Amino acid sequence: STLAQSDGAAGEVTLEDPLITNHRVGRKGGRLVTALRAEPSTFNPVVALNIPSQTVIRRMTANLIRINRKTQETEAALAKTWDTSSDGRRFTIYLRRGVRFSDGHQFDADDVVFSFELYLNPEVASPIRDLLVIGDKPVRVKKIDRFTIEFELPEPLAAGERLFDGIAMLPKHILKDSYIRGEIGSAWSLDTAEKEIVGLGPFRMKEYLPGSRCVLERNPHYWKYDQEGNRLPYLDELVFVFVPDQSAHVIRFQAGDTDIIDRVSSENFLILKRQSRRSAYRLRDLGPGTIYSFLFFNLNVTSGKDRQSLRDKQSWFRDLSFRKAVSAAIDRQGVVKLAYRGLASPLASHVTPGVARWVNSELSVQPRSIAVARDLLRQAGFRWNRAQKLVDKNGAVVEFSIITSSSNSQRLQMATIIQADLKELGMTVHVVPIEHRALIERITREYDFEASIMAFGGGDTDPNAQQTMLLSSGYLHFWHLGQTQPSTVWEAEIDRLMKEQVRTIDPVRRKQLFDSVQELMAENLPLILLVSPHILVGARGEIDNFNPAVLEHPTLWNVEELFWSQQRSE
Amino acid sequence: MTTEAELDDVSESLLSARGLRKRYTRRGGWSKPLAVQALDGVAVEVVSGSTVAVVGESGSGKSTLARCLALLERPDSGSIRFRGDDLLAANRRSVTAARRRIQMIFQDPASALDPRWTAAEIVGEPLRIRGRERARERRRQALGAMEQVGLLARWADRRPRELSGGQRQRLAIARALILEPEILILDEALSALDLSVQARIVNLLLDLQASRDLAYVFISHELSMVRYLADEVVVLQTGKVVERDTVAGVFNEPRHPHTRELLAATPVLERAAAGGG
Amino acid sequence: MRWIARRLLHGLLLLLGVSVLTFAFTEIAPGDYFDEMRLDPRISAETVEALRSRYGLDRPLHERYLRWLGSVLRGEFGHSFAYHTSVGSLLWVRARNTLLLTGLATGLAWLIAVPLGAWAAASKRRWVRALFGGGTSLLLAIPDILLALLFLLLAVRTGWFPVGGMASLDYPSFDAWGKVKDLVHHFALPVTAMTLATLPVLVRHVHASMSEVLRSPFLLSARGFGIPPRRLLFRYALPVAANPLISLFGHSVGSLLSASLLIEVVLSWPGIGPLLLESILARDVHVVIGAVLMSTVLLIVGNLLADVLLYAADPRIRVES
Amino acid sequence: MRRRRKILWAVVPLAALHGLVLLAEFFAPYHYATQNRMLPYAPPTPVHFFDQEGRFHRPFVYELVPDETGMGYREDLTRPCSIRFFVKGEPYRLLGLFSTDRHLLGVDEPARLLLLGTDGFGRDQLSRLLHGGRISLFAGFLAAALSLGIGLALGSLAGFYGRWIDAVIMRGAELFMALPWLYLLLGARAFLPLSISPVQTFLLLVSLIGTIGWARPARLIRGVVLSARERDYVLAAKGFGAGDSYLLGRHVLPQTLGVVYTQAALLIPLYILAEVTLSFLGLGVAEPEPSWGNMLGELQKYHVLTSYWWMFSPGLVLVVVFIVYHHLARKL
Amino acid sequence: MSSHAACGAREGEPEALLQVRDLAVHYVGAGGEEAAVLEEASFDLAVGETLGVLGESGGGKSTLALAVLGLLPPNGRVTAGRVSFHGRDLLRLSRRDLDQVRGDEASMIFQEPGVSLNPCMRAGDQVADVARVHRRWPAKRCREEARAMLELVGFDDSDGVFGAYPHQLSGGQKQRVVIAQALVCRPALLIADEPTASLDATTQAEIVALLRDLRQRLGLAMLFVSHDVALLHSLVDRMIVMYAGQIVESGSRDQVVLKPSHPYTRELLRCVPGGAEKGVGPGRPRLPTILGSPPDPARWPPGCRFEPRCPDRLESCGARRPEPRPAGDAGTVRCLLYDD
């Protein structure tokens, strides 16, 4: 394997082509404190999954190519430049020369090859691997010379270079041993010595205090410079304090214990806003992010006697008029007002307005109309009994349950609102909050539910990232999982469109294809879209270059550029 | 010293115990269990209509003997015969029947009465357990028994704590008598009472003995009372019988040094002129 | 001391039983740790299955149990799925933090409860009794969670106290005095909340057992020999009243790890409570079992401690050996 | 006599409370689930006696309308709306028996009588409080009864017969106290069908908790039984030929009543509160059904905690109820 | 009422050690009603003298003893009277000053030795502690003093006893430790409330012998409460007899026991089973008793309290309250029979 021909690396190279950034030049010094909702579970990019871990890891590591969170376009990172072959299957990446890891060791193609080997090895079972497996075949990586690598995709992939954003480059000299021992999964865990965690990001690990905080310090070997030739980052230290409770985040921000805050809930945002006149912080409502919440019905094919009542109800759920009526009855404005205090946007497409590049702007939000809903139901053969309850053709009373995750109060609120809305249609709805794992098990494995409210989002904005949900065979195709053949015409059509857009390199054509997909989704309502919450962030007024974006990580994506415009009085 | 052999030929005895042994182990959390030989081969013979007194210093096993004789505690070994039946080998039914014939008054009156019950309920309890009479009849009989021991009918609905010590003790006696037992075991039943009440109860006991042929096992450390009441005296010391004799024998010619010690220690009122009062 | 050996054996069996049953329980609860990944668009179902089998989640229960037992023998107490590390090291730090909080609070609560309860029991003044009864009733009646929330509100409104964390970021740079001040500052709120939560029960018990002892004749006798009131209360009555209190003390030692859950969560204390809750929700099974066993150990230790103390404090038990 | 009077001090308020809660539909001005989407987190409506000119009226309120900031509310002073008694409102079945639509209190349209303000859905907090008490109090009762029932049975068996029965039961109790029951609850929830009503689900889970909670009372009761069976009157009753069941029923168990009452008074509040923790795990009472536990749980939201003081009302009610229960426990 | 009529107050003698005048005590019952359980109790106790208190159970003997040293339970209250001890009125002393008297100049021991000792302190420490509190000696000296006292009360093995906990001692030993506690500061007065009632005969004899001996050696004055006539007669110099909260008779021991004046005393003495009445078999003669029962302390009869049970009652007895009057040599009696 690649490891066999290890350490053939030649001598030292000085940083010949640093990345020169283009932003306001800042001043060095200071410490930035921010809170994490949970403690990172690992510092190992190979196995890291949850947001807290990735938030920390991404400040300590770098990618070959990254997606600019603001423009949502790709830009050079460790790769100085890259070439894409005309069929979109082959990428040649030219590394910056003389880049060093935070321990001073030089970074070159061997590290890249090593990193991909880790990610791709099925034994390691890295969650990243799935990104690099396209149509059942993994990406091929080839070292051309010390600073050039060639990647070959098994199939053409539109916007394939976006893949590199999620893949951190790892130091071969540090991780080689544990990889050979087969213990890469538990390398760089929480009890690893701080010095051993080495990366290419703007910061490196200084101190980790279990349960309370982790402190990163400036990486002295970072490869970005500002226009005046100062090496980035500006900040001396970046501190993550672990604060499990949402409210506590706000409290600490208010108290000045933390300097930057993201993922503020709408209520808390309003509280902060009320006080911001008095205090020195800036709050930003970035508008809808990539998250879309939706109500969906169980359209899975189930067997077994105990599911008989579900199958009876599915005759309603499969009825498009029924779904349309439900959608028409939902007071999305009410949801925005009550569950998000106005800081959310009702949705027309499952692509949110936050993804400006891809959203189909032709689609419009369905206004609430009980009359329309009633008409739809009546035409579909539903009636109302004397007690004003909705009954179907067979005289069965329409009654179903909506399960939601008990740990998410917004979704619970939405369910409660929908419950009241549908009551006006004569439907009896039970809201059943259940604990998250139980919910997932019911939806993904047992298909034992009637309807549910969930939300998707995050990750890349590119349509490719939505395949798992949109393709009828996708494992996030929650309303009907495990299909070998598309079970409806429109699902077949979506499958076709999605497969086509993957292969289409032309961005305009791709957009057209994806617009059609959105239309089909909106017409057939497998997901009854609700709202997209706004991304709400805040930062202390003295933080300069603060340039939040809706993509992950909203406030720290450009942490190397942040600086204290005046030394904080302490 | 009396040997068991001496007792063997007493054939008309009502209750006879032989070779009673009882050992208690006290468990502290830490130490190894501590054993106390409370009874060590005790033999007692009770003839109907007679009074056997048991004396001895504190901790000599008097109460243990009483409980064993009343069949409320199982001795480790030995035999207890009531009217000739060996009760330690008998079945549950005959034990229950025998228990009703042998009643006991406990040393501590505070613990012997359920504080939640009224006087009439307490006295009527044995009837209730036997379950033959209806509630009204039970109460009637209970009131009768209370009257017998000099308790007023208007106290029938009081609870034990509302009665004085002497009254409580009398309540216990009334309760013990209601089943018309043949043997009554009194474990220091009179010690808590003052002189005049004590005298009243003693008189009652004597009357009952005369009219019903009741036998008593009388446990006490007040030797003057023992001397007055008992026919036979058994002296216990650390679980063993050290002397057994008639009252006259024990008081006039005590044989065992322990008995002599006991006698010498009791102050006796010089009555030379007291009668003239 | 054979007795201690027996108790320890007992404890060991209890631990074994608890671990077996806990394992069985985790089986009953729906879902497992890797289910969460099923919602992640980047991760395929195959990867999830691969991970599950890597951690042995596809094996039958008894096999998993034996594997876990093996790791206990190695001192690792299993492996945390979420934290990719051995449960032992993971739990230890949080347990320490929790013990710091609850230990301080429990100590403080006892320090207050004993004199307060004794004093109230001895006092003949009506208003003292009324105030005492009312005060403890009120404290007893305020649910822990409400108490914690009120303290949070206090901290937020006044800004006098930091919310969460055990020390400031700059802690290492402070001088000794600064360190002390900083610690007091951070500990004040959670420790007070915790103390107030445990106090009323303790005070009630002290009061009850002291009242009983104060009625006992030997105190009257001692009073008859002119022993002054304070000495009477603390030197004479308290050791005798200690008996039931020691069991209570054992109990409060036993619950050192579990008593502070709500307060830890609300006041963001980096203790074992939030971790346990998170692990239960995340089905990070070994962490849960580890935490449960840890508090069972404490339970056993508490009982043992109570017995030892009882032995030391009560000559009636001690001298017989 | 005095004792009885003191007990009355606890019993009367408790009885009144239970009455209020039982007849919640009548005392509550609105249905607990009626949302008023224009009035989320409205403060308690001020009740007035004097109008703008200072003239006295029967009590009346003004309609609340959102204020200029869009964050708060102000009174629409143009139109006073009188408070009336025995008004017609939403129909309901009283105690599940009579259909009626009369409510104790009401107010003229378009104002709403929100004496304790509203929650995030604009639902009347007072109405929810009254309804919520029904579930909470009942749940507390149910669970406590189960714990005590089982505890009494096992504890008295252990104490009375001792030996191996005692050993087995007490080891079991230790085990029970150490186990992480949340898992069992999660598991149990998974087994319950989704279609049964949230209240039933909750009560089932509460019963489970109650069943599990036997260990502590059992230990206490065992202690009492242990000392009670040593009493001479128990021995005496044996002397009258009494059997074990008589001794247990007549002499031993009555002794434990004190502990049982005290435990009941401590456990009921405990179990009422258990719901807060349960809600945390999604096992509490589901929306829109109110209970004191899930209403109190709202306070965990920072904005509710800091901004809407009237949302503390369930906490206050709970504290009062608990004080009364503790008082009762001490006097019994 | 007047102090001149004090029972047992002997004129012309040297100043008494303890002078009790018109002492009255009320108890507040559970229901709130008050009961006057002690009334008009007056007596003197000279240095080195032993006074026996005999009487009906519930007659107020313990109450009297407790009231003298201010040890009444919380629901008891002295409503009138004076207790002068060494010339100081104990009833007017503050708790602090009273504590200095108790255990130092006057001590009290109770009926049950088993419960009079602190179960959690070593016997010797309990004795030493009394010395420590009153004398403020260094600890070592206190211990020595305690050890000496333990020897004095008859422990040969004073070291062993010193380190023993109460439960390791027998009833008699415990009572002796209590006595040592009471005497370690060499008080002038010892009040003993039925100190031997719960002990068995041999132990009782030992304790009584000890008290007799100590009285001699330490010049101790004693107030000795008991209902055992024989015991009192063998121990005390003078006796008072109490019935229903009143002192009904007082006088020298022989006078009270051998020539009782008050009908109650006479009746009481008749109840004592003596050797004379012994008999064997069912034909045993019955013991004499006093008819009826004592009155309820909450509702005393208006006249003589013994009147309902008195064999010698006069017609006026039911209505007139008898006052104490002199009888015999330096005795008193409270009975209308002796009114002239």
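When the chains are written out, they are named A, B, C, D and E in that same order, and each has its own residue count from 1.
As a working rule, a contact is a pair of C-beta atoms (placed from the backbone, for glycine too) under 8 Å apart; a residue touches a chain by one contact, two chains touch by 3 or more.
These numbers were taken from a predicted model, which means no experiment stands behind them.
S.K.: Note the shortest touch-path length, in steps, from chain C to chain E.
M.R.: Contact-graph shortest path, chain C to chain E, evaluates to 1.
S.K.: Could you tell me which pair, B-E or A-D, is linked by more C-beta pairs in contact?
M.R.: Between B-E and A-D, contacts are more numerous in B-E.
S.K.: With centres defined from CA atoms, tell me which chain sits nearest the overall protein centre.
M.R.: Central chain: C.
S.K.: Rounded to a whole Å, what is the gap between the Cα centroids of chain B and chain E?
M.R.: Computed value for the inter-centroid distance: 31 Å.
S.K.: Would you mind pulling out the distance in Å between where the CA atoms of chain A average out and where those of chain E do?
M.R.: Comparing mean C-alpha positions, chain E is 91 Å from chain A.
S.K.: Centroid from C-alpha atoms only, then distance chain B to chain D, rounded to Å. What do you get?
M.R.: The separation of the two C-alpha centroids amounts to 55 Å.
S.K.: Can you compute the centre-to-centre distance for chain B and chain C, using the mean CA position of each chain? Integer Å is fine.
M.R.: Whole-Å distance between the two chain centres: 54.
S.K.: Which residues belonging to chain A are in contact with no fewer than two other chains?
M.R.: Within chain A, the residues that touch at least two other chains are 247-248, 251, 407, 435-436, 438, 441.
S.K.: Please output the residue numbers of chain E that touch at least 2 other chains, ranges allowed.
M.R.: Where chain E is concerned, no single residue meets two or more other chains.
S.K.: Of all the residues in chain C, which ones touch at least 2 other chains?
M.R.: In chain C, residues 29-30, 152, 156, 266, 281, 316 touch at least two other chains, as defined above.
S.K.: Of all residues in chain C, which touch chain D in the complex?
M.R.: Per the touch definition, chain C meets chain D at residues 14, 17-18, 21-22, 25-30, 133, 137-138, 140-143, 145-146, 149, 152-153, 156-157, 262, 266, 277, 280-281, 288, 292, 295-296, 299.
S.K.: Would you mind writing out the residues of chain B in touch with chain E in their complex?
M.R.: Result: residues 49, 56-59, 164-166, 193-200, 202-203, 206-207, 209-210, 221-225, 227-229, 231, 246-248, 261-262, 264-277 of chain B touch chain E.
S.K.: Would you mind writing out the residues of chain E in touch with chain C in their complex?
M.R.: Going by the criterion above, the answer is residues 69, 71, 74, 95-96, 98-104, 107-110, 112, 115-122, 126, 129-130, 133-134, 165, 167-168, 178, 181-182.
S.K.: Can you list the chain C residues touching chain E in their complex?
M.R.: 124, 216-218, 220-229, 231, 235-236, 239-240, 242, 313-316, 319
S.K.: Residue numbers of chain D touching chain C in their complex, please.
M.R.: Residues 171, 174-175, 177-184, 186-188, 190, 269, 273, 276-277, 280-281, 296, 299-300, 305-306, 315, 318-320, 322-323, 326-327, 330 of chain D touch chain C in their complex.
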